[in-house]
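Same chain, two partners: subunit A is paired with subunit B first, then with subunit C.
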Partner chain A sequence: MTPKVSRLTLAAFLGPAVFALAVVGIAPMLFAVWKSLHFFNLTKLAQQKFVGLDNYAAVLTDPVFWQAMGRTALLFAVSVPVQIAIGLTIALVLHRPGLTLWKTLTRLALVLPMATTYAVVGLLAQVMLNQKYGVINQMLGWLGVAPINFIGDPQNAFIAVILWDIWQWTPFVALVLLAGLSTVPPEIEEAAKLETKSNWTVLRHVQLPYLIPSLVAVLILRTADTLKLFDMPFTMTRGGPGSATEFIAILIERVGNRQFDIGMASAQAMIMLALTILLARLYIRLFYREVR
Partner chain B sequence: MSARSRGLVTEALLLAAICAFCVFPFYWMVTTSLKTQVVALQSPPAWVFAPTLANYVEVLFEDKVGVALVNSIIVAVSTTLLAVCLGTPAAYALARFEFRGKTDLWFWFITNRFVSPVVLAFPVFLIARDLGLRDTHLALILMYLTFTLPIVIWICTDQFRSIPRELDEAALLEGASQWRIFRSVCLPLAMPGVAVSSILAFIFSWNELLFAYILAPKNAKTAPAMAVTFMEGYDVPYGKIMATSTLIVIPVLIFALLASKHLVRGLTMGAVK
Partner chain C sequence: MRLKLHASTLALAAAGLLAPGLMLTAGQAGAWSLEEAAKPFAGTEVNVLFLDRPGYNAIKQMLPEFEAATGIKMNITTVPYENALGEQVRDFVAGGDIDIALVDLVWLGNFAENGWILPVETFTSNPALTDPDLDMADFFPLPLKAFGEWNGTLYGLPFDNYSGLMFYNACMLKDAGFDAPPATWEELKDVYGPALTKDGKYAYALQSKRNETQSADSFARMLWPFGGSFLTAEFKSNLNSPESQAGLQFRQDLMKYMPEGIVAYDHSEAVNALAQGDVAMLTEWSAFYSTLASPETSKLGDCLAVAPEPKGPAGRKPALGGFSLAVATQADEAERAAAWLFIQWATSKANAGTYLEKGGVPARQSAYADPKLAETYKFIPALVESWQDGVPEFRPRFAEWPAITEIVQEWGTKMMLGEVSVEEGAKTIGEKMEAVLAEAGYYDGKKPLAQ
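What follows is the complex of A and B.
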């Protein structure tokens, strides 16, 4: 039985939350759309004027914007497959029976990186990756590798961001995939293990179909979070050296907050938002069709 | 050694490696925070040294990290309480009532997870400036609702659904109003969900940097935004940075361990059960 409730009751229950989210979520977004149609620079307020789609045209033809997008895409393309590969391995180990106490402890340890304040993760990188005083270079030294200038060199700084992203988010991917593995009905898994000794066959033909929803979730969330990625590289490198680690969110922050060009930053933000929505829809289409 | 026990040893070693991988940066953070600047700048880095709490005393009382931590607590607690007050009735309505547009409404709540703060930060900066809300706790408390409110709604809707409807129906026959059923029957039973979503909302607010950095540059500055300012300048005070980091991270790690089973659920917002 579904209780029929009056509109008034419904409004009383839902109204406050809807109103609050509209005020903080929708209103600023509409304001951003409006500002993105203007020349609006905080240092040149007198020249403020309506320019139509000029900002969008400028952003779409701006190599700096596309370079930042390219960097963001490259970060995603390198770190997410690694996260999925290592994450799946961890999930499979944790999924095996036995060593229960150890596994509970490991699961607790896995929770730590993703909860850590992202800004602090970037600071940790600064300290641990320093060429002279950093512990990572000390460890590499034990293996006979010469000290690497991680933060100061453009290419190495990019690699450092990738490594740190992998550190923070691999545990997350592992736990999501572990949740996926537990959706495989135990009797099917048991039967398959009696049929074949190959773990790979079990993974490919029995577990993988059940993992698809988790994998789609990982792809969607990692895409959204990579596009949002700001705190960690910002505290680690400030987008530098040069613009080597200037990912899209850092670029928008620089244009808006350090160049005061809010009209342009808004246009960039809108394009990024559109891209996020587009990609999320694309993933759902591509992968869920297979399951059906 | 038999093949089976060898397998177990390999597995145990693998688990230990995973734990070390996750925990080592925290070990390094805490030990560095106990080093004097001279020890911190030893090359190669020292593993054994005489620990000191001087960095903590210095950052808490001289560098105003203490004030920033208080700001962080005020903002995170307030936004969490507000999200619970606004979110639980909405979650109850989504779990119990049928109405047109329910799926759309639900979808809209959840999509907030995907919106980058950088989309909202500048318009809000302009609005807050005009309203005189810039650099106030209130501006941050309200903006953090963009992620705390969806998380409360999502987790509590699930929780309310798990409460048997018969309870509602019995109370309805007794003549109780919908509001009374929600307040006195269902909400007390939904407390586990309220607790979990509060912890998650607190963690996410505590960790937030971008809104804080743009909207609250001085008086309402939160701890993560404070930590950023340390990296400016040439003489990088490693011990102090790590002491600040430790102070910021310890509370979230405790909360994360308390809600460890639900943290992934919270981060995926329903994409994974």
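What follows is the complex of A and C.
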């Protein structure tokens, strides 16, 4: 029987967390909602006024917003499946018995890309991918490949951002899936391996069901991360050349911090937040049901 | 706070009351002194944002002298250029603690119209605070007007001053049979371009990265010498005029003599390309002279040469950029006075020589009077010539520029990449630019047509 805990104790434990969340999360969000209903430009404060849903209407009918959304969706559609495929492969290799020292070293190495500051990752890319002096082109040169204009060509810049995102976030996916694999009861896994020699069959019918919660977590986190992806492409390409790498978060930063149109940027951010919540609910509804 | 204001108000009042006395003393002793003027404000702290550029580093080296003489403490925060506008706007809106505004010429209208900076006359009218040797006439008129004056009122004094110059590798030009740099843009494209673009080397680099570099260093640079401009006298887009189109089309045609991926080149990449001998010519801000002249950052050595930017059909009209320092309205009385004393000292005639020596570029005509200086600083004759023929509104300086520059950056880059034609790109920029100006109230008489 569970001993009864007083409401005061519950409040004392939960209170600080709720208070912190309210201060750093809820209050700024409510402020952003309020500002999204105003014309509020920092350089034109005298013209500040309530405009209702005008900012939302302007955002939803703005082709630039939808183009940025499209680019973000394409980035997600390409990079996340690749991250899951490579991450799962790494997780399965690390899940196999033996080579304990090497696996420990590999796990440590996997943390490094995630631990690197996003902005630094972008700056590194800018230097490493430089057409003339970058180390990547130098290495390609050893293989007889002519220097590639990674940053200055719209298509190449987009591909470079995808590759860099895959490099940084595949380890995260691998570690989450590795943790998921550790939840598979060893006796079931061993029994399955006695029944079949096919690794695919074991993966599909035994390991994968246990991986669903991890995969849903990966999808939710990577969706949110992709929608707010800013630091790396900003320091790497600043959204260019042209608009080739202007993802949704870069567009919002441009409107809010460079044009100082806080009202419009808040409306864009609210729409992005709604989309993130919607997608998260959708993932849970579609995939999570299997293990509930 | 109340006490602080009270004390500072008293200090200023004391300075005001003492002014006639000081003048008398000055008359008797024969000189106004910074030390005496600063006495009531000793211990005052002044906050300002600086950039990590040679002119700012020069003043930082000179700062101990100012602080020792005045007792005023300067708190300098160094930020990247890209953050400087946002940091200041947010500080001013929030009533923060910045006492001196660092004003890029394209932020001037914004800061002045919002009342964030004070007119210089606020201080020059107070003889206790103003050096009798301030000598406004000694400033080059172009940077003084462009960097400091908005709608007929002077707000700031030019501090970090640039003009676009032509830096070139004289050895590469000599090897190709040229004794001098091109005098005109057409000559650069038609004669020098083909002769110098070979063996993996390029004749010219035009830094065009999608940020202020695209708007200022690339787009605007090609508009003005060809007779184009952003706006007509009625503030309508002038980008589809034959002259503007000629300039923008020229930029497209010139690209074949520039390194591949030039739209990803910011200042550092472009300067490095010249410094490493990969391009023969570069139009770049005067402030980069020290980078190109230093053996630590450049291979050029004696091959480095400097000339004014080439002329176009409409004249030279070189790129113009720079920063003034202005006293922030939000500062309290003592901070305002201390800030003014610093600005006056940093831009003074007396300090211009030291500023130049330490890597800065003063806007004082007297600083360049000695012809021998050109032997040490090769850029000086070209700079002085450039400041004779510039356009203050090279980039419009009104409050709407932050919105307009974003449009130019996006569509200017698309134009260079061939994603849109020059005509289509200019039309789109024009339409979007006019929408911004219409919303601001320029077409219904709510705002004066000042740029």
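By our rule, the second predicted complex is superposed on the first by the 273 of 292 C-alpha atoms of A that agree within 3 Å, B and C clash if a C-alpha of one lies under 4 Å from a C-alpha of the other, contacts with A are read in each partner's own complex, and residues count from 1 in each chain.
Definition applied: a contact is a pair of C-beta atoms (placed from the backbone, for glycine too) under 8 Å apart; a residue touches a chain by one contact, two chains touch by 3 or more.
Please read all numbers here as calculations on a predicted model, not as lab measurements.
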Partner chain(s) touched by A:213 [first = subunit B, second = subunit C, both, neither]: first
First, second, both or neither for A:193, with subunit B first and subunit C second: neither
First (subunit B), second (subunit C), both or neither touched by A:257: both
First (subunit B), second (subunit C), both or neither touched by A:132: both
Contacts of A:240 with subunit B and subunit C, given as first, second, both or neither: second
First (subunit B), second (subunit C), both or neither touched by A:17: first
Touched partner set for A:95, first subunit B, second subunit C, both or neither: neither
Which of subunit B and subunit C A:179 touches, first, second, both or neither: first
Which of subunit B and subunit C A:154 touches, first, second, both or neither: second
Residue contacts with subunit A in the superposition, subunit B compared against subunit C: B
Subunit A residues contacted in one complex by subunit B, in the other by subunit C: 132-133, 238, 257
Residue ranges of subunit A in contact with subunit B within the complex: 1-5, 9-10, 12-14, 16-18, 20-21, 23-25, 27-29, 31-32, 35, 90, 93, 96, 98-99, 102-103, 105-120, 123-124, 126-128, 132-135, 138, 141, 167, 171-172, 175-176, 179-180, 183, 213-214, 216-217, 220-221, 224, 227-228, 230-231, 234-235, 238, 249, 252-253, 256-257, 262, 265-266, 269-270, 272-273, 276-277, 280
Complex interface listing, subunit C residues touching subunit A: 85-86, 89-90, 93, 110, 114, 209-211, 259-265, 269, 272-273, 278, 399, 402-403, 406, 410, 413-414, 417, 419, 440
Sites on subunit A touched by subunit C in the complex: 42-45, 130-133, 149, 151-154, 157, 237-243, 254, 257-261
Touching residues (chain side subunit B, partner subunit A) in the complex: 8, 11-12, 14-16, 18-19, 21-23, 25-26, 28-29, 32, 40-45, 82, 85-87, 89-90, 92-94, 96-99, 105, 108-109, 112-127, 142-143, 145-146, 149-150, 153, 165, 168-169, 172, 178-179, 182, 203, 206-207, 209-210, 213-214, 224-225, 227-228, 230-231, 236, 238, 241-242, 245, 248-249, 252-253, 255-257, 260, 263-264, 267-268, 271-273
